[in-house]
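Some notes on the structure that comes next.
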Amino acid sequence: MSIARPKAVRTLAAIAAIGVIATGCSSDRDNGGDSGGSGSTGTFVFGAAGDPASLDPSLASDGETFRVTRQVFETLIDHKPGTSELEGGLAETWESNDTGTEWTFNLRDGVTFHDGSDLTGEVVCANFDRWYNWSGTYQNTTLSYYWQTIFGGFANNENDETPEANYVGCTAPDELTAVIEVAQPSANYPGGFSLAAFGIHSGPALEAYAEDDASGEGDAITFPGYSQEAGTVAGTGAFKVDGWNKGNGEVSLSRFDDYWGETAGVEKLVFQTIPEESARRQALQSGDIHGYDLVAPADVKTLSDAGFQVPTRDVFNIFYLGITQDSNPALENLDVRTAIAHALDRQNLVDTQLPEGGVVATQFMPDTVAGYSDNVTTYDYDPELAQQLLADAGEENLTLTFCYPTEVTRPYMPSPADLYEVMRADLEAVGITVQPKALKWNPDYTEVTRDGGCNLYLLGWTGDFNDGYNFLGTWFANYQKEWGFENEELFDLLERASTEPDVEARVALYEEANEFVMDFLPGVPISSSPPSIAFSADVNPPTVSPLTQEVFAEASFK
Amino acid sequence: MSTKTAKIDRLAELTAQRESAGGASLWTEALRRLRSSKMAIIGAVVIGVFVLLAIVGPWIAPYNPLQQWRGEVFINQNIFVGSRSENWLGLDHLGRDQLSRMLVGARQTLLVGVVATLLGFTVGALIGGLSGAALAFGGKTGQRIDTAVMRFIDMVLALPSLLLAVSIAAIMGQSLTTVMIAVGVVQIPVFARLLRGSMLAQAGSDYVLAARSLGVRRRRIVTAHVLPNSLGPVIVQATLALATAIIEAAALSYLGLGNPDAAQPEWGVMLVQAQPYFDHAPMMALYPALGIIITALGFTLLGEAMREALDPKLRS
Amino acid sequence: MSPQPPLLSVEDLTVTFTGRGRTDVRAVSGVSFDVAQGQVTGLVGESGCGKSVTSLALMGLLPKKGVTVGGHAYFDGTDLLGLGREQLRDLRGSKLAMIFQDPLSSLNPVIPIGLQVTEILTRHRGLRGDAARKEAALLLERVGIPDPTRRLKEYPHQLSGGMRQRALIAMAVACAPRLLIADEPTTALDVTIQAQILELLKELVDQQGTALLMITHDMGVVAGLCDRVNVLYAGKVVEAAERKPLFAAPTHPYAHGLLGSIPRLDAPRGEPLNPIRGSIQDTIAWSEGCAFAPRCDFYSERCLSGTPELTEPHTAGHRVRCVHPVAPPSKEGADR
Amino acid sequence: MSSVKQERGVDLKVLRLIVRRLLQLIPTLAGLSVLLFLWLNRLPGGPTAALLGERATEADRRQIEAALGLDQPVWVQYGRFLRRLAELDLGTSVQTGRPVWEEFTTRFPATVELGLTALLIAVVIGIPLGYLAAARRGTWLDVGAVSGSLLGICIPVFFLAFLLKSVFAVNLGWLPSVGRQSNDINATEVTGFRVLDGILTGEFDASWDAIVHLVLPALALASIPLAIIVRMTRASVLEVLGEDYVRTAESKGLRRQVVRARHVLRNALLPVVTTIGLLTGQLLSGAVLTESVFAFNGIGNFLRTAIDGRDYPVLMGFIMFIALLYVVINLLVDLAYSLIDPRVRVH
């Protein structure tokens, strides 16, 4: 990026002209194309909302980390660009046995790691064995969330509550084959092998990691040293890590010339942390960065009108109003929950507050997920009916606490406080008294809602991979305090779906589950809306992904 | 004969006038000075208007500040509603009447400022007053108490006030009370230090020495002489602190710690909420911004004018 | 009287303070007096009578805003009040110098004495560096400061009160001015030091042939130093005379009172002092009549018929502004 | 010979002053750290809540608490804190898992650079402006300076920063809107102070780039200090103008510039120096806001998230640091004072 600023002298004049501020701000001039000469040095700068936690994706569970590591590490299975459909990654093909307990991966030939070593079945197994054999602090979900979600526990569980390991072992019958054995079939396979957390590291890198341990001494869990600076980590991705300048909040990557596929379109890729949302927009507008994610709904049109590229992603998330049933007896009454659903003008919310391209959700998954049902009960905006239902239930004077997070933007929920306010107005219109409870997202909100501390709350979910269980199973597979209900029928249904190895049968079970859920109405799905991503006019952006898994190797300068 | 008495009367009259002018007390003098200060007048007028709005605002507000005009404002299309006959200041990003929110907000803003300042003033004056009294009249022990208290106060004073407020807000969760306390606590050390300093200056003054030499009780000296005379700068500070409190409350809103209750719109929160839409609806942000700036300016002007009026050094 | 024309001739000097939103205050209303070459002239009065304002007006040191100065002050033929700012600057410190009342506050606390002395030498005599320092040391020595080279490096707070006043005097006489104005130069000092400073002033004035305008409220100082005395009350000269006649026969009731309020050794013990009643606040405007009338023992209705004129009721050259001049005392009291 | 001795005497005095101040600091710090420790322990949630993921279990929490010793009594934790402190170890950040010391050293240069630039702007503009306002009291310049400074205090810093950025970065495109340096500049890191590094290594383009990045945030941050300095200088100059020694200087017929520079300004600066020392807290407060608006990766931003995340070690470390900074700044102010005011030197 080179932004010519020979106008330094004028800069000083600008200081004198500070009086312009009051009047000049509404000026419509736009400098979208200011970064005209960007191609010359070939550095693509992307504005990130936060620093990555670690350069080793297996220790992380947040999107900002994965956005970076996905460019460096590759997984056995990948997604087709722009879709949530699985395709070959480091494994060209894969298959499982009939019971879904043995997964064979046929690795791509000629793949080299950034440190020059080759990809072999042995290396893949070494990766999985490392995770399986983690001990001590690594066994905490803080460091091994995804491993525990997909593969259960460890070789030696040190904690009673850590789930039983579902991973059995990995063998490499030949150079280019790896066979992974699991104890129970699960809906998490094969989708789980596409998770960024399971990016494959090089053999030498793994050896180096072993000398460098995560520890929990002192005040905090410390990430192992290798994951905090460039040099040790080595993957197979189109970019390799050049440096992580924490003082600048910058991770810089550079093109890996020996990449097995098409090499990256830009020489250097920098992720620069810009925590504030409007600061990211202004940085793009002023030409300081070439793109950023989670564009606010109000900015989408602004940016596209000004010539920026704001490609639309397919929707792969769900935003819902959570209801904690056992926090208030009234909520255990289906009529009351139905009344709440009818009271909300979800279409208005989608039309005015959510990004363009959003739709009102009819069930707890977007329509792109296999298992989406067209036959669920729907609840139209009908305040009279809502009032009637409440009256019938004898709950005309219902008072509910409604929690919402502040200081946060989630892909499915931009500006939660505003969304809350609109919903509050809807609920009060049918006679429900709302007691607001605003909480900071981290840690207060997530903790309070998880513990069932609210009657109503706002939350959502972005899918990790295309399997219905990744949505429904997350919430309704067992009793959870945040939902506060026991429903063995539903729990059983999802258990059956999860362990059903046959894909079609599984999808049918998901459809059934969706219909069941929408009759039971444990919460109100609100919307599925595409999180927007924006790029400057002078770049060819990467194909946008519904899973927000953009591959920046595809990006280049015009 | 009659001319003579007339002349004498006139003489008495003339001298009497002189006397009253010369014998005016510090406070009367300050007040007179204040009345002739343009700064003070502008400040007082601004504050007057603001306080009036704060009192009657919620009653004269044309609409419920929570009422949403549906289907008019589309933030994802950049469609906003500006000034129009039914909504003089337009609608905000959720379609609520901006004028009503401004009017109701005046009261919230004033409330935050006043309560926070009162808190800082009361606690600060208590600490500073006791500490100052201890030092001036408490002998060796008093001196030690004062040193300890003041060292601590100094340290707190050195802490960035905003971070202090943020940590208080972090403990207490988000609410109007939180904002008031967070902003008020920050003011405590300022008031404490000020009252103590001003008391010490008074304690060293001639009239106190005279009173002490006459055997007047310590407590009486403090309550009857030192305290009343030390309050001048503290009152000035209180006026200035009101301005600071309003701005600090806005800063807290920016950091996401403002009062989240939409029914109690506070100008700082309104400004922060409107900022993202500045490119398309600048007035939405400018109304609350100007409200904050002008009000803070009002308090600052009056405070500064009072300071000048009370400060003998600046008289000329 | 000396045949030469006076060095300084002040004619009808008025100084009015005008403030926003306040009534104007006339601090000096029509003062006229002469300072003869090489002589010591006294300007006497209570604090607040306008004597300091008069001296500041002559030096051009009054603030520009809120102050109106009228009348003339001919210094060596040029009207000081009509001079431009820069011309006055050239004159000040070289031909016209001044010593102030409070030596501590009149010295810059953060600059060594040396620089404060040399800066005037640099300004008016073009002396720099070592030459200036040498000259400064000489000056300090002349005003009686021991170990002058060391003192040059010291700061005002390191000097005693007397030393500070000596240093100020050294600065004032550094360029051998024609006229030196001393505004209460000894008020802030101990009695023993007072005498030394007065002695020093007298000596320097004699040596350099400098005329001295001595502004004081202390009749003792006047008696010891002045050749001619002007008594000021409420911004006007009320009595002007040579020292001897004035002390022999104070004619204005105010001057009379001033002298009467000094304790006298030769007075019988137990005899009460005769302080003047009231304070300078108890006054009326001169346009109404005699400003001293409210405090005067001899007050009558005649005092209120306009400003009294300066007259010479008893002796030539002894001018008094009073309609009830005090009669000269009997012979016995005259030789004080 | 005697002068050498005197010099050494002065040095010793300064040294003794420093040592005494640092010793005085110990009881204060001890008290403060106890208070802080108790207070932090009262925070709801505690650090584990921030640390744990969205879907962590109760067991995860207990494991972490045990690993971190948070399950032990408060005094045990405090003892451990003190022991580590004695080894100059500030602990590890809960949020980032990196040593607090390292977090500070990577971020402090940014804030210091920003703060100093803001202070420089405030001083370089504020003192002359305040002086001129006082010297021309009542003129349009005075009125302008005074009302400008009042306005500077009354505009919320974050809004001013936002406006500055909207105008100069987004609309006019003259200046960058975020960060400390352009991403394509390969600057060698020496001290962490970008401008200085560029000069040290001869990479002047890097220095220039860093300066350009500093302009807007520093201007926004400077608004309040500038306003304070202008008013302080003005009031101080007005006071000094009425002093006797200024009259004395005038009576000596000194040239106007000499009177102003030597006699007025030097004395008028004394209270201004104290004010500048006291501005540190103000600057850090402002830095929290400006750093956020300009994505300036400094300590202000970091602390804000540390507070949100209940990051005890970071907060404790910061308090210790602030206390030290407070002592250092007071020392500097005292030393500056003694340079300007000879009366202080003797004490």
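Order of writing sets the chain letters: A, B, C and D. Residues in each chain are counted from 1.
In this section, contacts are C-beta pairs under 8 Å (C-beta built on N, C-alpha and C of every residue); 3 or more make two chains touch, one makes a residue touch a chain.
In UniProt terms, the chains line up like this: A = Peptide/nickel transport system substrate-binding protein; B, D = Peptide/nickel transport system permease protein.
Since this is a predicted model, take the numbers as computed values, not measurements.
**Q** What chain is the most remote from subunit A, judged by the mean position of CA atoms in each chain?
**A** Farthest chain from subunit A, going by C-alpha centroids: C.
**Q** Count the touching C-beta pairs: is A-D or C-D ahead?
**A** The greater number of contacts lies at A-D.
**Q** Taking every chain's C-alpha mean, which one sits closest to the mean of all protein C-alpha atoms?
**A** D
**Q** Centre to centre, by mean C-alpha position, how many angstrom separate subunit A and subunit D?
**A** Averaging C-alpha atoms per chain gives centres 38 Å apart.
**Q** In angstrom, rounded to a whole number, how far apart do the mean CA points of subunit C and subunit D lie?
**A** 53
**Q** Calculate how many whole Å lie between the centre of subunit B and the centre of subunit C, each centre taken as the average of the chain's C-alpha atoms.
**A** 49
**Q** Please report how many Å separate the Cα centroid of subunit A from that of subunit C, as a whole number.
**A** Centre-to-centre distance between subunit A and subunit C: 89 Å.
**Q** Please list all residues of subunit B that touch 2 or more other chains.
**A** 170, 173, 275, 278-279, 316
**Q** Give me the residues of subunit C that touch two or more other chains.
**A** In subunit C, no residue touches two or more other chains.
**Q** For subunit D, give me the residues that contact two or more of the other chains.
**A** 44, 162, 166, 292, 308, 310
**Q** Residue numbers of subunit D touching subunit B in their complex, please.
**A** 24, 28, 31-32, 39, 42-44, 150-151, 153-159, 162, 166, 231, 235, 238-239, 242, 278, 280-289, 292, 300, 303-304, 307-308, 310, 315, 319, 322-323, 325-326, 329
**Q** Per the contact definition, I'd like the list of subunit D residues that touch subunit A in the complex.
**A** 44-45, 47, 49-60, 63-64, 67-68, 84, 91-98, 103, 106-107, 109-110, 160, 162-184, 189, 192, 208, 212, 215, 219, 292-295, 297, 301, 308-310, 312-313
**Q** For a test of understanding, state which residues of subunit C touch subunit D in their complex under the given definition.
**A** Residue list for subunit C touching subunit D: 56, 59, 61, 65, 88-94, 97-98, 100, 102, 105-112, 115, 119-120, 123-124, 155, 157-158, 168, 171.
**Q** Which of the residues in subunit A come into contact with subunit B in the complex?
**A** Touching subunit B: residues 25-26, 277-278, 296-302, 305, 345, 348, 351-356, 406-407, 417-418, 421-422, 424-425, 436, 438-440, 444 of subunit A.
**Q** Could you list, by residue number, the parts of subunit B that touch subunit A in their complex?
**A** Interface residues on the subunit B side: 66, 68, 70-71, 73-78, 93-95, 170, 173-174, 256, 260-262, 273, 275-280, 282.
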